[in-house]
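Have a look at this one before I ask anything.
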């Protein structure tokens, strides 16, 4: 038997200082990838249809994304903790109607929004309590609450509906108005996203959400108040679903018992496309927000390009798969790169 | 019960007549223990003796069924790990508890990050503190690297760094060295000595007895959950300690039988996996035990993974009995008679939620079937058979392996693979976390297997084990095979020299 | 250990099965119109599509994956069936083509999951839209209804005056095959291992990717079979056939005690869950319970299905005396591989 | 060999109605008529069914309403037909989600001596006794085109925003519209696109945006669906196109009031859904009483609504739709 006794070739040590930034940069890159896809898509559409990026066009694009961005932001927090909230669509629907009923009776728009948020918080708490105290699978529980809230909503609402005529003009105008091309609603969403991202990055309790999603048992051993954090994530998610409900009302001026029906799959898609991993512990709200923007924009881009609506659904699905596949391939490349860097140490 | 507390100070942390049961298993029975400042205290006992349970009781993970925990002489109740941490107790658990998605520095400082104004995290300070810890431990890990992908050894090092970062009054370590090689252990001990001098109390668990003698002053022995003795180590011999733990004398630890090697069973030719290992060639003959030594991260595990087919290799080839193996196909490797006992029993060796029986049965699904269906009778007898042979300590064969102690889990992994009756057996850290008694048993088994004509490749970071068991020692350094040393020439010095790249044979 | 005896005693799948029997027996006694053969055949016939898809779905979930595109696959194969029928092809040729199409749909899911390592939830949300979209392209706004009567009669008819729809018999055969495959073959045993710990399964020489690929393919085939059955049963092939069926399947399977983390569950539980939901819906409709209240009740059942076993276990443990802190849940730490 | 479409065609259809009508038979009392709308909780259907309920009360029969909460849950609708059959109601008034899918179940109901009337959305003719058509497809399609054409001065590009691509009634109307547009007086009008909003507010909203971006010269949109027209109106009223792009189609006065008043919409039309429900109820009772069987040419008296004659294929037309505009909209509340 021979042992290949080669002369010890000096392995090139990676410059350590650069490596930190590299890792950071690479994780940002995943969001960047979605952004690039988004921009390319917009550019192509603009080339094909010069009306697309008119002031009205931009406003529409942003407005369309707003509601999904808000809900996806809340959802990504829950997903980061290795849970999921499927009931967001139902929560959105019921809080939109609640706000509408209140406004219909001549209420104050600000109070109406607060009311919707509070209702959302209520359902978020319910989910959070069931998941964290009951320690039961989030998927099942929130699928259950999806049905429960939806059922309660339709029993309560019946065939009633709230139309723009029932709402104060200021509220409806607020829903479509804005500062030139930037709608007020989009500004609200932007504030929420940036605030949430800052919190997640800069505060201990935010990092703990990542920790407990990454390894729940280790989180317990590290003394992280797991239940409290999960409860908080669900509550926040509920609150944003409620807020989204109020904004939905302002935007569409129309709510009935089916509002928000089936929204959960869209939200989950946005979060997944945005690179938030379903097994918890990684991803960012910027990613989720970009995912939401990307998804809603596809729905504006295809009609603007004159693609027959017959094709829209198929293209949507294929683009969704492409987005996650590209993201995955980027991630794999990164992992290989990381591994090669770390292959020689110690 | 005598307390040879010569220091005269009061114990920082103590257990008083603590009992703890899991269902029908009485893991601890009226156990008492005192930890004094400035002292390293060893906890010894066989697998399943209750050491980890005791530690988890001290750490607030388990609440004792009876008895109490005393902190500075006053009874306390820890409602969770957080309480114990706040009381100044740092714990390294037997199994690494890292957050794979977070960076090393976040893993270390989770929940305790240095803060800036408004309670925001000071990322710079966190990074610097981590780098500092890494320097103290003498390892070269990037603080910003995610924990995912770290080898078991590196994970263990991060755990150690985490525990050190507490500046705790009490440091509890459950087998921190099980995955480490000599040099890391030496560095760890250096740090522990400093801590001891600074007045910390340390509780240390290891199945490597020499380590206990090296660093500890007193030892508490447990057997089957019961307290046996707490005494000074001074004047005790390893045999004395083993007798306390096992309750009888042990046979020889390395019962190597001499065999004449037969045909070449496993042949690895110029195997390369880019960036991981390069140009690795060796043979293992029937009846031979070949040791594979090297520092942590030298690439030994990676070679084993590639040979077995878990990872694909980029170049080279592997033959069993002269027939080439398919690249990246564990099932065909198994069919050819290859078995791999992996190093990470929890993630790779076992399906934790499955029963002992089914875990052992898993490797025989294809061979022991009747009319295409699972032969449950055969499965049961096979697993009972091997569980008994390896002296696995369990309540019922249908219990989930997750309920077993670490060492007993390791035995189940061995059982699972030995049950396949392999021609070539690769064992990666086969005795990690196994108590001395069982270790001897495992060695006897390996030896017996070799005598029966099985070719054994043994990867181990436990150098005495390699030296004691191997007919030949291969040494890896930075992804290359750097030496082959015959049994007669193999000493700690020659192996370490090759492992650190200072000499090539 | 005592603990696991208790766990076994309150196994949820047995509870669901018992519940199903109780509901059926009570309804026989107290609900007008429930017990006659016609109603029972309605019940069984309308539940069959869900039950059919629940078979592979259970296996898939046990192995830790999920397929949300099943309803779209069914819709697509229905649409293709309609389109080809309009082209004048013979039905005996069309059906195999549709099943082949199911193979392709399943393979696409499976390859994306196993080769690219994408999460199945995300992939199948994508194909959910894609397959449905393709169905829309294929059939457009057509509704094809004029399938041959002997086929329609088979899919919608029943054995004489009994409650047994013809289609129940092939389903029972499929069920038997699935039960044996999951609970008695090495293949099924390996699925449990994969679901509980994929890495450990791989280290035990189980061909994880191949098994998953097979499962996704089977799911595709059975989904398309369901699509064919659906089109014949309701005598209507439209691109939106079976829309939303995936949630019903998932809800029923979850109700049957299949753990979505993988590695746990029985087919008996899943099928009992499917028919429990079906029976409850039938009974509630007969009792004039509104659709909205039925929705609430489905939700409550789902929540109870996960809270129930937990509460039962805790009560049992408490009664067993010597109440200690519950053993920590075994963490499913993602293995530190990259 | 095998079975192909051709073979099936040769088998021929089966006759729907049997028996003989007795126009003078007494109107039975104490009947139960089950209403099965496309979707419960849908305001349009709720109004329609309320109309049915009132009529049934007057006739001394009882009313019940069941149905799915989703408008595309065909399987659910089938099992509701089954349930009604089980409950041995005397007649079912159903708005079919799918013309074919309900057939087997409806036929089963008819063999169990239950009369089947479809309203709003028809099933295949052989699967029901009669269909109450809200307005003839001809009337609706043509008047919608006329309504919009006047608003845009018979000039410019127009588009249609429909519901689901499979919606039977929508497609029938769209065909008629295209036919109407062939008329030389519309020679300056160009139909550039038919978009589908799936009766989903958000989708219809985005489809409207898309239409306007793709066709900047668009002058008008016809949306023959209440959901679509509402979403399109909401989008237009909050955009720069308000008042410039005309919108017409089918909507309810309550939904559209605001948009008519703020100038987004000039005029739109609809029949009275309550009347539709009422006629469905009265037809059901007439069928169950044996006054009619559903054959072409039979006539019956529908209370205050006057006399109706059954047309070809068992179709009964409700009458002409009402056009709503600024002047009259406040007189309606539904």
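Worth pointing out:
For reference, chains read A, B, C and D in written order, and residue numbers begin at 1 within each chain.
Note that contacts are C-beta pairs under 8 Å (C-beta built on N, C-alpha and C of every residue); 3 or more make two chains touch, one makes a residue touch a chain.
The chain lineup, named per UniProt: A = Autoinducer 2 import system permease protein LsrC; B = Sugar ABC transporter ATP-binding protein; C = Autoinducer 2 import system permease protein LsrD.
What you see is a predicted model; the values in this text were computed from it and never measured.
Looking at chain C and chain D, the chains in contact with each of them are A. Compared on C-beta pairs in contact, A-D and A-B come out with A-B as the pair having more. Among the other chains, the CA centroid farthest from that of chain C is the one of B. Centroids built from CA atoms put chain D at 73 Å from chain B. A separation of 41 Å divides the Cα centre of chain A from that of chain B. Chain centres here are Cα means. That of chain B falls 43 Å from that of chain C. Contacts with at least two other chains are made by residues 40-41, 69-70, 165 of chain D.
Across the assembly, chain B contributes residues 61, 98, 100, 149 that each touch 2 or more other chains.
Multi-chain contact residues of chain C (touching two or more other chains) are listed as 136, 140, 244, 290-292, 295, 328, 330, 333-334, 338. Across the assembly, chains come into contact as A-B, A-C, A-D, B-C, C-D.
Across the complex, chain C meets chain D through its residues 32-33, 36, 38-39, 42, 46, 49, 85-86, 88-93, 136, 140-152, 156, 230, 233-236, 238-245, 281-282, 285-286, 288, 290-292, 295.
If you check the complex, the residues on chain A that touch chain B are 1-8, 11, 16, 19-20, 23-24, 201-204, 207-208, 210-211, 213-215, 217-225, 277, 280-282, 335, 338-340, 342-346.
Here chain B touches chain C in the complex through residues 20-25, 61-63, 65, 98, 100, 147-150, 155, 310, 329-331, 333-334, 340, 342, 344, 346-354, 358, 361-363, 365-366, 369, 372-374, 395-396, 398-400, 402-403, 416, going by the rule given at the top.
The touching residues of chain B, when paired with chain A in their complex, are 59, 61, 80-86, 91, 93, 97-103, 106, 110-111, 113, 115, 119-121, 127, 139-146, 149, 154, 270, 274-276, 279-283, 295-297, 474, 477-484, 501, 504-505. Taken in their complex, chain A has these residues touching chain D: 49, 51-52, 54, 56-57, 60, 64, 154, 157-161, 163-165, 172-173, 175-177, 252-254, 256-259, 261, 299-300, 302-306, 309-310.
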